[in-house]
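Please find one structure pasted underneath; my questions will follow.
Chain nomenclature is as follows: A, B, C and D, assigned in order of appearance, with residue numbering initiated at 1 for each chain independently.
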Amino acid sequence: MTELTTTAAGVFVIAVTPFHPDGRIDMESCDRMVDFYLETGATGLTVLGMMGEAPKLTVDESRDVVARILARVNGRVPVVVGVSAPGFAQIDALTRMVMDIGAAGVMVAPPGGLRTDDQIVAYYHQVAELIGDVPFVLQDFPLATGVQIAASVIARIMNDLPTCVCLKHEDWPGLEKISYLRKDGVLNRRISILCGNGGLFLPEEMARGADGAMTGFAYPEMMARVVADYTTGDIARARDIFDAYLPLARFEQQPGMGLAIRKYTLAKRGVIAHDTLRKPGAALSAHSKAEVDALIDRQEHRLKELS
Amino acid sequence: MTELTTTAAGVFVIAVTPFHPDGRIDMESCDRMVDFYLETGATGLTVLGMMGEAPKLTVDESRDVVARILARVNGRVPVVVGVSAPGFAQIDALTRMVMDIGAAGVMVAPPGGLRTDDQIVAYYHQVAELIGDVPFVLQDFPLATGVQIAASVIARIMNDLPTCVCLKHEDWPGLEKISYLRKDGVLNRRISILCGNGGLFLPEEMARGADGAMTGFAYPEMMARVVADYTTGDIARARDIFDAYLPLARFEQQPGMGLAIRKYTLAKRGVIAHDTLRKPGAALSAHSKAEVDALIDRQEHRLKELS
Amino acid sequence: MTELTTTAAGVFVIAVTPFHPDGRIDMESCDRMVDFYLETGATGLTVLGMMGEAPKLTVDESRDVVARILARVNGRVPVVVGVSAPGFAQIDALTRMVMDIGAAGVMVAPPGGLRTDDQIVAYYHQVAELIGDVPFVLQDFPLATGVQIAASVIARIMNDLPTCVCLKHEDWPGLEKISYLRKDGVLNRRISILCGNGGLFLPEEMARGADGAMTGFAYPEMMARVVADYTTGDIARARDIFDAYLPLARFEQQPGMGLAIRKYTLAKRGVIAHDTLRKPGAALSAHSKAEVDALIDRQEHRLKELS
Amino acid sequence: MTELTTTAAGVFVIAVTPFHPDGRIDMESCDRMVDFYLETGATGLTVLGMMGEAPKLTVDESRDVVARILARVNGRVPVVVGVSAPGFAQIDALTRMVMDIGAAGVMVAPPGGLRTDDQIVAYYHQVAELIGDVPFVLQDFPLATGVQIAASVIARIMNDLPTCVCLKHEDWPGLEKISYLRKDGVLNRRISILCGNGGLFLPEEMARGADGAMTGFAYPEMMARVVADYTTGDIARARDIFDAYLPLARFEQQPGMGLAIRKYTLAKRGVIAHDTLRKPGAALSAHSKAEVDALIDRQEHRLKELS
């Protein structure tokens, strides 16, 4: 088993959950998706992300999906599992289940009712006590959770809790948070910072000191190349690559609708068999599909010019 | 099995979930609680209410609690189970599980993201389709869910969906909604309206046409007497009783803290063995307990004066 | 001029804004209202409260109303003016205007976008710097503002800013906040705590160390008597009085609708000429008016029994 | 005077409010800004936008800014003024003031408390009745207002109210709304649709039937060219131009921080003298300024390649 540590870097792709048109989980597509993500440069995977379709799965289905993905990954990269839930009993049960079958760690977003600094800090203390020595990712995604976490509060949590090894950075705007957490003296150790928001600010995030991305854009190769080029210092090339994918990335980064676009693109790329979303979930209109198609065409053209 | 119908009336007490001090479910207290609720006049029970500690239970625990309560009730009154969840798979699984073991129906609150009228109507259509012929309660509780449902939208849902047999009325203010739904021509049949908010507006709700209460005040006998007296037309006595309990009812109706007050009172009355709340859940301060004690003393004194 | 200080105590009634049926401000009713409030025991007045109709007034009208009320009060009690606004220029302009004509201080609620502790503290620092030596009230009313202020954050603000002399305490539940702020060592001086929420928790608030009420129940004499009896230690009588008014106080304390009920009651008592609310503002239904009438009848009957 | 009509098209630039470093309004920069916007292709201007610094102005300052801009525009293009406010008296007063000095119409966003369809429709009916024959823009910007307006509700408002001549389209995602409103039979006349969100979806919005943009990107020439090219059918060139500006446009479109970036860019371009934001308003960090500089450099390079 690979355990998640503060050295996590690169691209942890947030995996979608593939379904058959009738709503059953498509396990064959799960396998193909895992292979695809790893081939396109994923250094880790994250499953059951809160913004995806995890809440649409029963407990049994959640376990089956995680088990299938872990089996296919077979220890090649760490797999993080989202376990955010309204109550501690659920978080505890899901954490034990997925760690038992080989997950590398879990990810926890704050429940929507938290407001004051102390409430947020207390919540993560309780989570850390609950799950014991399991390493976890703090997900900071105010647009989705409604919870604003100050950079100083993230630092308090990180400094208090050694098992909090990674920040999924997804505030918008959030660049100053990275700079703050990378300042000397703020944290008592260097933790991993992996960024979200569909990769839409990845160049600036890397320049500020992020270690990579943890998000779900349908072209993980973009993120892998941008992270690699920033790591080796080839900033200009990183930005060229980024700009080529940006029109589509921007289009995928539409709240609610983004997952449908991502699944449509993954199906078009042959990664998953169907672009089905489980109910409740809106299908893409023909117009939206045509827009995605046009963006992909232009993107491929632009990438050819660059190569 | 008793099935929930549009004739539901009286007092459906929202049951608490009793725990041992170490956090395990206290099944013996479950039994005693069921007996107590029925002795104090409950005409139904509601379990796994969303504002209680249902989200703190694992799926297995939820089933065990519901099974224990159903066994103890043993068909004497209908038992409604709250099945609100972020995804349909969870709602479906929980609904099937509890109906299989004898629940009378389920209760569904709207998920927090719903905003427009059509979104809300579409959601309940999908729920009704999902759970088939299972009768359900529409829970309208904007303070907790963040979803505002217009009275006309409740009427649309009720008129569209024959399996929606009851409104748990908990808007604040919400009296005009009852009057609207009781107007001639608004609904295509008379549905049951049971009111929440800790019984704090029960006299006015009964006068507007409610059929009773579905809420969790620690003195269900107050609600039973108010409903009975309104039903027989003894308004003055209903109000005397109500007024005697109001100082405590008001105190119990503090968001978040109310459940701790209720459990403290139920433990003090000998109904449940411990006033434990599962984490995360605040304990009552000594000061708060003394305030409850003082309110109960005055309440008993006042009730003696009335009798 | 009377200046607001940390010794503010008793009942600061939140004044309504009386209108003629055609929407013009009713200045004669303003005068009568001032007299009524002072006769029923007000030790201060608060005007342009954010939950009232202040946002429906133009800047010129605001000045005229405040000037009229100040003229009528004529220095007998301090008058606090609500100056909460989206921008500092507006707060500054309104503060200067009302202080120039004799206000005792201003009241500031946090704008809805504030979330983290530091954001809230920074906001009040900026406000205090802006308005200079003008004493101000911090309004803590999460249900209306959406901003949760931790008790420790209130303490930080109070300790940092000598001109912050009073807390308008209106969290729900909020009793533990009073106890916290009254603990030795928390504040660097004793500040005034005046409570809101329509007086619905006034006995418990006084017992916890509050100095009185700042809210708008249509029977200020209830609040004046409860505060006086708590101050002299006659707790039992305070609670008898409180309980007698509670059924109506509870009814008035319905969000949004409460102001219409208050104006209806004040008009019925002959204090203001009309119960008009400016648009947008819902009128009371005949049913609601009858409910208020019935509650007042029972209240008078109960008060007679007590005297 | 130019009056706003349903034929409004092109680019209505949302004007910033220029300040001196000490916080006074910079009227000279106002003039230069107007000239700049018109030279770069603006077909209209919008001032006192709700997301800008309008709430930081006193009523007198608002009038002075609008008057200065109107004087400089001197009838060459229509000027829309944002008049959203918590109360009708304020909306009414501001509307009369700006129409008297030559505004072409006003823009009204829904107040944050509106939830149900009927509440939203009723609000706009009241607004329309209030302002009489003044043409107005309905601003649909849920991310900022918190109010979700269904496409069918926009249609109801447009069909009911002839003076509602334009939709400021700023939902995210919002493309399906444009398609819906452009379907045969939905509206009883063709209204103007101008899009916001910093122009980030302008190509797709034009393809769906929008008439142009109403937003504030610091390079209005991008929007003018995209709109022009879509109008003449040169889609490929429109997309080339759009893509060249997209990295900066994306960066400017960060909530809260975007205005600081915009002002920094406008100052760098020599349009306004200072990038000052009035308090409360965060200054850009040196790091952020360097990021903007780098994006502008790459943008200019890319534009040269295209020409």
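What we mean here is this: a contact is a pair of C-beta atoms (placed from the backbone, for glycine too) under 8 Å apart; a residue touches a chain by one contact, two chains touch by 3 or more.
Keep in mind the model is a prediction, meaning the values are calculated, not measured.
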**Message:** Applying the touch definition from the top, give me the chains sitting in contact with each of chain B and chain D.
**Reply:** A, C
**Prompt:** Can you name the chain that lies farthest from chain B, using the mean of each chain's Cα atoms as its centre?
**Reply:** D
**Complete:** Comparing A-C with B-C, the one with more C-beta contacts is B-C
**Intercentroid distance (Cα basis), chain B paired with chain A, Å** = 38
**Asked** Per the centroid of Cα atoms for each chain, what is the distance between chain B and chain C, given in Å?
**Response** 33
**Request:** Could you give the separation in Å between the centres of chain A and chain C, each centre being the mean of its C-alpha atoms?
**Result:** 47
**Request:** At least two other chains touched by the same residue of chain B: list those residues.
**Result:** none
**Request:** Write out the stretch or stretches of chain B touching chain D in their complex.
**Result:** 115-119, 147-150, 152-153
**Prompt:** Within the complex, which stretch of chain A touches chain D?
**Reply:** 172-173, 175-176, 179, 200-201, 204, 207-208, 239, 242-243, 246-247, 250-251, 254-257, 285, 287-288, 291, 298, 302
**List of chain A residues in touch with chain B within their complex** = 53, 55-59, 61, 85-90, 92-93, 112, 122-123, 126, 130, 278-280
